[in-house]
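Two complexes, one shared chain (subunit A), two partners (subunit B, subunit C).
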Partner chain A sequence: MTVPATEARGACRAADGRLARARRVRLTGTGRPAWSALVVLIAAIVCIPVVAVLVEALASVGDSAWPRGLGEMVVTTVALLAAVALGTTVLGVGLAWLVTAYDFPGRRWLSWLLVLPLAMPAYVLGFLVLSTFGPAGGPARAARATVGTSGFVEWLSGPLGAPVVLSLTLYPYVYLLSRAAFRGQGQVTWDAARMLGASPWRAFRQVLLPLARPAIAGGLAVVMMETLTDFATVQYFTVRTVSVGVYLTWKGSFDFASAAQLSVLVLAFAVLVLTGERILRGGARYDARGGHRPPAAPTVLTGAARWWAAAAAWSVLLLAFVLPVARLVWWAVTATAADSSSLSTGRFAMNLANSGVMAALAALACVGLALVVTHGVRVTGGRLARAAAQLTTFGYAVPGAVIGIGVLVAFAALDGWLEALGVAGGTGLVVTGSVLGILASYVVRFLAPAYQAVDASFATISPSVTNSAFSLGSSPWRVLRRVHLPLSRSGIAVALVLVAVDAVKELPLVLLLRPFGFTTLSVSVYELANENFWEQAALPALLIVALAIVPVYFLVRQVRLAEPHRQELS
Partner chain B sequence: MPSRRPTRAALAGVAALAVTAPLAGCGVLGIGGSNADLQIYSARHYALEGAFKDFQDETGISIEFISGNDAELLQRIKAEGADGEADVFMTVDAGNLWNAAQQDVLKPLQSPALDKAVPADLRDSENRWFGLAMRARTTTYNPDKVKPADFDPKDTYAGLADPKWKGRLCMRDATSAYTQSLVASLIGLEGREKTLEIVKGWVANGVQIKSNDVELIKAIDAGTCDVGITNHYYVARELKKNPNLKVKLYWASQQGAGTHVNISGAGVVKTSDNAAQAQQLIEWLATKGQSAFVDGNHEYPVNPDVKPEPMIAKFGEFKRMPLSAEAYGSQNAEAVELLAEAGYK
Partner chain C sequence: MTSEATVGRDATPDDARETHVGARTAYETNDTGAQRDPALALRTVSKSYGDTPAVCELDLAVEAGEIVALIGPSGCGKSTLLRLVAGLERPDAGEVRVGDATVAGRGAWVPPEKRRVGLVFQEHALFPHLTVGDNIRFGLAGVARAEQDARVRKVLELVHLPHTVDRYPHELSGGEQQRIALARSLAPRPEVVLLDEPFSSLDESLRARVRTDTVDALRATGTTAILVTHDQTEALTVGDRIGVMRAGVVEQLGTPAEVFERPVSRFVASFMGDADFLPVVADEHGLMSELGRVMVRTDVDAREAEVVVRPHEVALTLTLPADGGDGVARARAVVERVEYHGAFVLHTVRLPSGRTVRSWQPHSVRYPVGTEVVASIQPGLVPSLLVGDHTLPTPD
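Right after this comes the complex of A and B.
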């Protein structure tokens, strides 16, 4: 110890400085401007339709007023967001914890069956709830006949039904991501906490929950965006959010410019949500150390607790999926019995194929781009790339129909420029004459969930892994292919599923941009449901659910095989 | 690493689906574009296929259509411009037809046949659009709880603001085009101040808001509402399904201005490359094709020479309020505003 303490500290500080400088060089990414440019380019392309709408909106500022009752709409939106956030967190995190930490009857089945409500469009469940729990529905009639009042049943068909329906259909986003967090990176810590004597509840609250925070925040961000842009479900329950305001202004006042201005407000909400997500994630990063480890044995519940746990989990599945599907099947059967022509022509077969193909194309396009963006951010590490990556997610927060118009306007402008440049015919009818417009708008809208899922997966890859690969001389492409891709495959699988399922359920974009002769299942449901032919709409609605189950199945298989099971190891 | 396989399998499955499905049938993804003679953008969905097929069988002119929302389809026609394929724009609600003409996407037609078939107030004064089917929006009630004599025969809509209907009233939401056009027509008829008073009266009566007409009719049948305002064809449709439904229709304001009506209609798109055949279709729909076009949905023909179908003929004849598309259209925004001011959800 001949070196004085201060000197040692100084040396350390100097070393720190060198390290910091070295890191800064890597982080500003001066070495890889091409990747920064690529991320910025993707962000720019994705933003064009949104910007087109903004330009359209700002061009006519001043000659239109905000609609009356805007304050109330904002309050309603905030209240709905808060209620859905609470509902999805309780259901999503609660169920994920239940199936991870405890063993009870049906746990292994439930752990993946609980993802199924993802396949149920909120607008379908919304109508089912409305018609079942309305004053004319069976439960209300039975209640009036027996106890003389039915208010305790009918509240579900009132405004409070909206957060219930949205929570039941959206909680799987939170469930999926938090369960993956609990099982993956949290596992080792969980084991440690339990071995050190913490109770399951304490280990959950003080160890697992903080660890899973980024995942929960990511899932919640997706849920919030879906809630923000929903206009069909909330209208069933006469809940007037800002998105409904956009529609009211557009349709009721024939005023697209004001509607576009109002959708800027929806965007502002989205910025708040995304900022909130960043804050919730905090500066925390939790990298996985080492590979998969066998999970600790979940606590085997005994006695009444075991049945309470089972009842809680099964009842969610029953309410969110089993009963609605049963009701749809019943409607489809009675409608077919009344009018067999609805089945005979197989008229839904082509719609089924169209929905499937579009979902697959959308999933591949969005996840491909999300991967490039996430990888680009990682290898450049620059602020610019990260900001651009954030921009790509805003499309998710713009109501579908507004994006559709944005795509139309953007392509119309491109068409005009091309013709001005002397290209005969310009782009022609490339948007609405083919499915290209729909695909482009899907990318604008669904890049966000894909990015969220892939990014969450990248967050668990330690930067030292990336840096090691580079220091061994790999090119960025090779790092993507050989290191990042394999390490983030669970996130990629989740992203593929989220986009595919979203694309199958999506309606306003397809409705607006589809070419002649192109109909999807969601359009069939819309056409029938719009005229209140709900019994006839049940069959295509069931097909949507069935089609959406396909990617969910792939996801579950992936998750199950990727997770080592105790049984195999014991 | 065995756990790698499922991602590959999933990816391979997705890719295979993406590649093979378009080959399975030429109609997938709409590849091949449109080959029909006429392309129709329609915001009306009721029973279009049947009428179009009859037209095709009769004239040999083939038709293709896409359905969608009025406002979006209009934006699409404008964005597509001269490249667009649309020949005919068809929509529900006179206000929407008026708006389409205002947006300058429709072409004036010279047609003695249409002038004769469609009453003057159900078509554009400059012949850019023509009403083809008519619906009435009137009072419906549960006969166990309400007698026809309870209604105000002069001004039935305003009469529902009377305190005697407190807690007994059901209506559609403010976002519904039906509510908006009814209120717009009341503004045209009674002025803004009086209309605001009427709507406030409904709200003061604790009107229950329903988000669709069928649920509203079912609530009347169940007895949780005594009286409501609905489109006549929903009543016809529900009665056809269940003749024992406890729902009856009362023709509003028969001793006054008449019952509120609205239309579905169509016009030829300015950029149409086949305007002659497009006009032929509209003429056919207003004459020979009237029944095929309106009966499937229990609507009233606009052509006075054509009889309504038996189910709605049973509702009896009624006096209708004269229709002013301009008023419905130009006052719709005011109606939305007024509904909000009155606290109507």
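Right after this comes the complex of A and C.
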């Protein structure tokens, strides 16, 4: 039987209008509306705090006066952001350039060790700087004894200490991104510029720096978001940013309207930072096409330059990580030796348990939701689910103060509804604070890293594996349980660790939302440091730093795997 | 028929089919109906991605137990068609029927896991964390354990790999993985199995062997199958019928011989095998080409017509009466290129008009380049005639 050719092309074109209408009705791939709805719901939950803050602030416009000293807070915030941006750019770009272009003793080790300060929370380095360079610290006493004045040492324990501490802990973001830019296309362009007769300095300034601009802008954006989120460290140094304002307003008056209005200001700063990044990056998206070729050999430094370079790089690592850790170890040992019972009994064990439970719950919640989102995107294949999944990562860019107040406002609204339904007192969670609130804020903030890790694992599962499972009669739940879950185990493990460590490290959200008397490791560090019990703060701080090294290790491994290596000539 | 194939055939008596409890509840088959439905039917199915139509008002019916090979250039819509049947895409319009149930269209939608449609992918897509046995058992949820074991054994025997039951996919060769993927898709006794270029990831040397095994297994179980391929030889050797697709429509659907010998269009003629096109002139008896008389018809406008000649239809002779036996004198052609293909030798000859045609000669015949030969159509063969882009139905 031979079927003659169909003259269907014209008919098909005529049907186009009909087809277009059919498409508009159905936005979700092959459909599985339940899964699309689930992903959208999770995305909505992540957005609740921001929406709640905006609604609350809008609803109370004009009702409450702006807190006193608002202008000063804004100026302080701008100044702090600018100072930290400057500090991290100098350290990050400078060090990246040094380890990429030049060879000096320890270069190969340093290029990775310089990422370590990421594991040092600013609130830990902060109290170390405060204790060391304060009026009672060793350097100040020595200065007074020798030259009679200690002002030139003590400025570090004043407001200027804040940008120094933040720069030393945050520069690795800029370092990593600009190093990647220099290694990638940068290397090829650098060679070309040098071949055309440009001096190293001119090649750096006129060719490499503009090329690395998008990468530097990206790193700076992360740095400034972290700076904006912090309202604990800066208080050591009596710096009052807008985020500090939110915290103090809430803790001082428990006034939603004022706190929400200030939070909107913090949010505005965040939007400004992200807009700034867009502008700095320009339309330029320099493709790292050269990134697939190994970099050329760095210039081998000789003579004094060799030692200056080594000294500069090593001293940053010493100041930002090695010396602080050494100090923590020393204090932890002496404090434990003085009172060894404090380890097993007392508050340390309690705080450790609290941190552990919170981290475990946060990790399970975030990774569970991340799995649902990733799996949902895979099984629906729809644009709607994909867009919603993208939205779930947005919490990572929302400053902690905004999330915290947003969660509180949302809980208050929930209480209102519950009371309206006849439940006296509602959940009773708002004013007393609650562990549930902390967990909710953790989910909003840490869903992004969990999603990214799980999603990376899913990317290695071929769509035909998923489709095979369906064609063999499996429901979406069974595909998740029997195929996707076992095949993304490594990503799930990484996500659990990342979220757990982030949760242990997190300070501002816990400070803002914790119930009375509820203390975690990070809160105990902060409280003890504020009361100048530095020796006692050392052990929990050390534990946090040790845990925080794990995700830094993951990060370094990931970067190393991604970049090509020069064949070592034997 | 081999003994293994006989074993396989035993695997699908109708009573065994009835014991399947999996997704059968989604729609009950009605075997007592007066007229049996085709195993798979697409009716005016359309699917576009954005503004690009991938499948246009396509009709296709596959009979039970039939193997249809779909072939076409990339982007012709053949993979989209498979995805529509499998339930991985929803049609914008039209209807997809599996057995006697509508699975898409007319307001119905049956998700892939309830369609009883098996899938075999180019990259095999075995579950890497499960053994071969567990891979096959995956599709047998709801079947009693003893029955599961029996089915695993049977399908593994069917593909000649019973010893691999406890191995993991990464311990198997590419060809073995492909056969396991087939076994896995057959185990739940699907209504239709879809194979998406299943052999193209295999080495050339392995491909023919795995292909034969696959077809044997499909035939032994009486499975209805659609095989998508871009390899003409594969389509011609595997398919009971071949569907040649272009721009979202099936341009020709027919047996391999029909598609090869009676292509309906210029596209099918040139896509399915080599073909040269020569102009014709009309005389009082019909149409003449440079290779001789091609058709005894006078109702065709010779200015728009061309004859399709395949290399096996062109005879080359050294000495022939200058008139080719049809009373028309012909000038000599010159051998321009000779390619040795093993069993056959491909000669390219330049005709007096300057056009070239190709001719297969047995491997013992090898005219040196520059030899003057007479090219004519093999006696007894009737080449197709194109008018515009479509061929005339030939009287035979």
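Rule of thumb we're sticking to: the second predicted complex is superposed on the first by the 324 of 570 C-alpha atoms of A that agree within 3 Å, B and C clash if a C-alpha of one lies under 4 Å from a C-alpha of the other, contacts with A are read in each partner's own complex, and residues count from 1 in each chain.
Keep this in mind: a contact is a pair of C-beta atoms (placed from the backbone, for glycine too) under 8 Å apart; a residue touches a chain by one contact, two chains touch by 3 or more.
Treat the numbers as computed from the prediction; the structure is a model and nothing was measured.
J.: Where does A:R32 make contact in the superposed view: on subunit B (first), on subunit C (second), on both, or on neither?
T.: second
J.: Residues of subunit A touched by subunit B versus by subunit C: which partner has the larger set?
T.: Partner touching more subunit A residues in the overlay: B.
J.: Between subunit B and subunit C, whom does A:L130 touch in the aligned arrangement: first, second, both, or neither?
T.: Touch partner of A:L130: subunit B, not subunit C.
J.: Regarding the shared-chain residue A:S474, is it in contact with subunit B (first), subunit C (second), both, or neither?
T.: second
J.: Can A:V164 be said to touch subunit B (first), subunit C (second), both, or neither?
T.: Neither: A:V164 stays clear of subunit B and subunit C.
J.: Just to be sure I read the superposition right, which of the two partners does A:P486 touch: subunit B = first, subunit C = second, or both, or neither?
T.: both
J.: Could you look at A:S462 and tell me whether it touches subunit B, subunit C, both or neither (first, second, both, neither)?
T.: Touch status of A:S462: second partner only.
J.: Go through subunit A and flag every residue that touches subunit B in one model and subunit C in the other.
T.: Residues common to the subunit A contacts of subunit C and of subunit B are 486, listed in rising order.
J.: Where on subunit C does subunit A make contact in their complex?
T.: Listed in rising order, the residues of subunit C that touch subunit A are 22-23, 46, 48, 51, 53, 56-59, 86-90, 92-93, 109, 111-119, 121-123, 125-129, 138-139, 141, 181, 184-185, 188, 190, 247-255, 258, 262, 264-265, 390.
J.: Given the complex with subunit A, which residues does subunit B contribute to the contact?
T.: Within the complex, subunit B contacts subunit A at residues 2-7, 9-11, 13-15, 17-18, 21-22, 24-25, 27-34, 36, 39, 45-46, 64-73, 75-76, 79-81, 83-85, 95, 99, 102, 173-175, 177, 180, 209, 211-215, 218-219, 221-222, 224-225, 234, 297, 329, 332-333, 335-337, 340-341, 345.
J.: Provide the residue numbers of subunit A that touch subunit B in the complex, in ascending order.
T.: On the subunit A side, the touching residues are 67-69, 130-131, 134-136, 140-141, 150, 235-238, 240, 244, 247-256, 350, 353-354, 356-358, 360-361, 363-364, 401, 404-405, 408-409, 411-412, 415, 425-426, 428-429, 432-435, 486, 489, 492-493, 496, 500, 508, 511-518, 523, 527, 530-532, 534, 551, 554-555, 557-558, 561-562.
J.: In their shared complex, at which residues does subunit A touch subunit C?
T.: Touch residues, subunit A against subunit C: 1-6, 8-9, 11-13, 15-16, 18-19, 22-23, 26, 29-32, 381, 462, 464-465, 467-475, 478, 482-483, 486-487.
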